[in-house]
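Here you go, one structure.
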């Protein structure tokens, strides 16, 4: 049997369903450090750089990372050079990638979402925009905007008015009802929902018993949160039938990717697993193809949502 | 240095800070299966049986369990024989335990909380009552009561009017703002907050790609959720200064217990680790004593909340 | 099938042998307390000793055989936990809680038919031995997917054995239950045999159906995901005719008539 | 200290030796690509190959030494990840990404003083060798907590070594930095030495202070928690004089004057 790994996010065609999770793979840095032909054998079917904000951010005080049981806690704090520098310096270099580029943006205020989307609108190299309304490590009056359906609605509406590009909204799982937030994003014009950003957490130092992270609390990623992510993908894709979902949270194997697609995702993203192996995605894609073949599943379209049937 | 492991939950004195998490150790069954002297060398400093409800519940459809990365997903669904049978059959046998008994109750309606507390009031064998407002596996109109501050307030108020016993309220982490729920419980008269119940999650079967659990979704426990639990204990004990907190979520070693106490807990509970080793708590207690000694921490009181200082 | 009154113990047990048997690994470890007490059909909760949290929990493993101080289990590596156990090297230590569960009731009389599907053969070796010792006549029906999966017939030395494979690559073609009706009827004047079965759910349901039809008793050993193995978690239940039953303490062996079959 | 332009590779490397050296484990593995390229002060991201998710991520490990196809690391088992690496048995496979980071700048002239605290001695063996090969005079100050922690002086065969312990149980009593001011001044007419240092943060801060005071250059190798090792995660930063700097790609070796010291 021929397995067709192609999938699409609206107008964005992907040669397979595995993209990277924002903030976990820096293609420009990896291209310098890893083998010379990284861009030619790029493992992801689309590339999302780390979230950019309107103004540069230096990020949170270190330490910014700590490994937990089957997980990773981070508090990077959206360190980035700002959207102007991104458009000027990074975007032209990323245009050399053989895959579509999806730009992730976050606001330090609600208005920023509209402004960022507007600034990207003119650039054809930008295939789609992801609104990160869910970073646990920057605070807008103490709470990330994606915790509240009304504020999410407003941020997405502003971006929607500013761009005709395919608009993805990335949600946080740290809410009482994620379907409510997803519905607000959809209502405000989102074309796609990305699930999940990291889970709120904290660790203490073994010896000093003080919080390890400079920012005190952080976001948990990796296999530990996979059940939380599968549930979110299942519930949201079931509730918002028709709107594609990008699933992520702990994917490390082709089997994991298979499960997220079956749960309802049209594409999946690999995050923390890139740190175990920077080319993990290549293995994941080939395993996924093999597993679909074994199960007689001919295409990603056929696979998406199988768990709900 | 002498290390003093004693702690107290209001009037309930504990000879060390390690109790069991409700639903993870059945003293009556373990007494039959394990060595004959279990009751004499009981590893916990207080015993909480599995949550009981007003009426008997047969529990959810199996499968009810699945292991995840460093975690366990369950959907037991509060299987229990009902509070009358508990009071008649189990309580007299539990009175033989050398430690205080804390009874965990849950309502299928808000009123049940008052009724259950009232039924326990007359029994001196009951040292304290824990209100489980947080079970993810039974649904009251689709949502557990502990997801909502107002309904939590009402359930706790009803129980408070029905009993003068020490009243613990056990919260779910599956909310946007756990401090808000804890404050509502405190305001309604809770004497103590227990944190955390399991985290919402779901798993698909490797092969069929359908949900494994008969109940579709379940609650995640074990080391995977420890960072989520530490954060909840830290934030709630900081916000509700003075109200004791019982911390739990992934504790498997004395080091873990040390961290929960430092985060702000006055006592800790061991759950999933009992399944790795039914006498894990005994090791945890002795490790904890050793670690306190190494660090020159003379008492649990001195240790509680160190991370916040 | 009373709840075992024999106390289970938790031991750290060194692995002394790990060899291939059919498609499975036979892992032997030193566990004198368990070896002394284990009855056919009982099980243990087993994991690699140590601190790693992945796998997190022990897995239920039948007592396959006992040889003085040694206990043997037969591991089918189907997932994370069993792959880890199948890979236990000589010298590694296992954390073992057991023996657990009720085991088979051996008190009946007359001939016995043992029916196994795949790995279900594991606990039946000890059972066959115990029944033969009690002077009962034993015949075994062992079904497997294909030749490479078949368990060496040597596991059942003295009993009368018929091997079946789904693809006919070894023994007769068919399922373990296929010859069962023939063995039960057509023997006028003789006590009807009692059935002992272990294997996949579909096979057990078929055994239960045949037993009911023929009016014989069937003891079936059922599987379930377990967390604790000692009745603490209520995770391992199966639907009984009246209520849910805990496989770990009320089973794993049940009289087929006490369970609900779909 | 330019970002390395040498491509790092990801290899599965069999362990060929694991022996005790002082309080540490010296683990040698076959990694021809890394052995061919590694420069003093570079590091690798290392984990046990396999599927277990606990530990989850590789750990940064300095290249301690290279011997034809073999790479050696010296492991101080301080936590979950390093305990797992220290326990790697001969025949186990490591997943290794490297060489990573900039390494020390060897292009300066004049004498070199190497200052190490504890495990900080690990990367300095190769450095001492490389500096000696370039004809530079090398003296080493090696500080340890106590005798049992000291690294065998044989690691630095040809260099001039002074060992210090905090409790005086081996060598001179004191900290690695104590003799440093004496080595830097009091040598009229000679080029002032360049400092190369690796060790705990407090020691590096003291080295930086002394270097500034005496007007000499100090290259310091700093530690940070890392997730990726290749500049992807922004997790490993230290405060530079202007902005945060990534230890994995802009370091781990920095000119002390480019960092902010408290």
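So that you can tell them apart, the chains are marked A, B, C and D in the order they are listed, and the count of residues begins at 1 in each.
In the analysis below, a contact is a pair of C-beta atoms (placed from the backbone, for glycine too) under 8 Å apart; a residue touches a chain by one contact, two chains touch by 3 or more.
Remember, it's a predicted structure, so these values are computed and weren't measured experimentally.
Asks: By label order, what chains touch subunit C and subunit D together?
Replies: Intersection of subunit C and subunit D contact lists gives A, B.
Asks: Farthest from subunit B in C-alpha centre terms, which chain would that be?
Replies: Farthest chain from subunit B, going by C-alpha centroids: D.
Asks: State the pair with the higher C-beta contact count; candidates are A-C and A-D.
Replies: Between the two chain pairs, A-D has more contacting C-beta pairs.
Asks: Using mean CA coordinates as chain centres, what's the gap between subunit A and subunit C in Å?
Replies: 46
Asks: When the C-alpha atoms of subunit B and subunit C are each averaged to a single point, how far apart are the two points in Å?
Replies: Comparing mean C-alpha positions, subunit C is 35 Å from subunit B.
Asks: For subunit A, what residues touch not just one other chain but two or more?
Replies: In subunit A, residues 69-71, 206, 222-223 touch at least two other chains, as defined above.
Asks: Residues of subunit D that contact two or more other chains, please.
Replies: Expected reply: 53-54, 80.
Asks: Can the chain contact pattern be summarised as a line, a ring, a star, a complete graph, or none of these (other)?
Replies: complete
Asks: What residues of subunit D sit close enough to touch subunit B in their complex?
Replies: Going through subunit D, the ones touching subunit B are 53-54.
Asks: Write out the stretch or stretches of subunit C touching subunit B in their complex.
Replies: 3-5, 7-10, 47, 53-58, 79-81, 95, 97, 100, 224-228, 230-239, 243-244, 249
Asks: Give the list of subunit B residues in touch with subunit D in this complex.
Replies: Subunit B residues touching subunit D: 69-70, 223.
Asks: Please give the residue numbers of subunit D that touch subunit C in the complex, ascending.
Replies: Its residues touching subunit C are 51-54, 80.
Asks: Name, in rising order, each residue of subunit A that touches subunit B in their complex.
Replies: 68-71, 73, 147-148, 174-177, 199-204, 206-207, 209-211, 217-218, 220, 222-228, 230-231, 234, 250, 255, 258-259, 262-263, 295, 306-307
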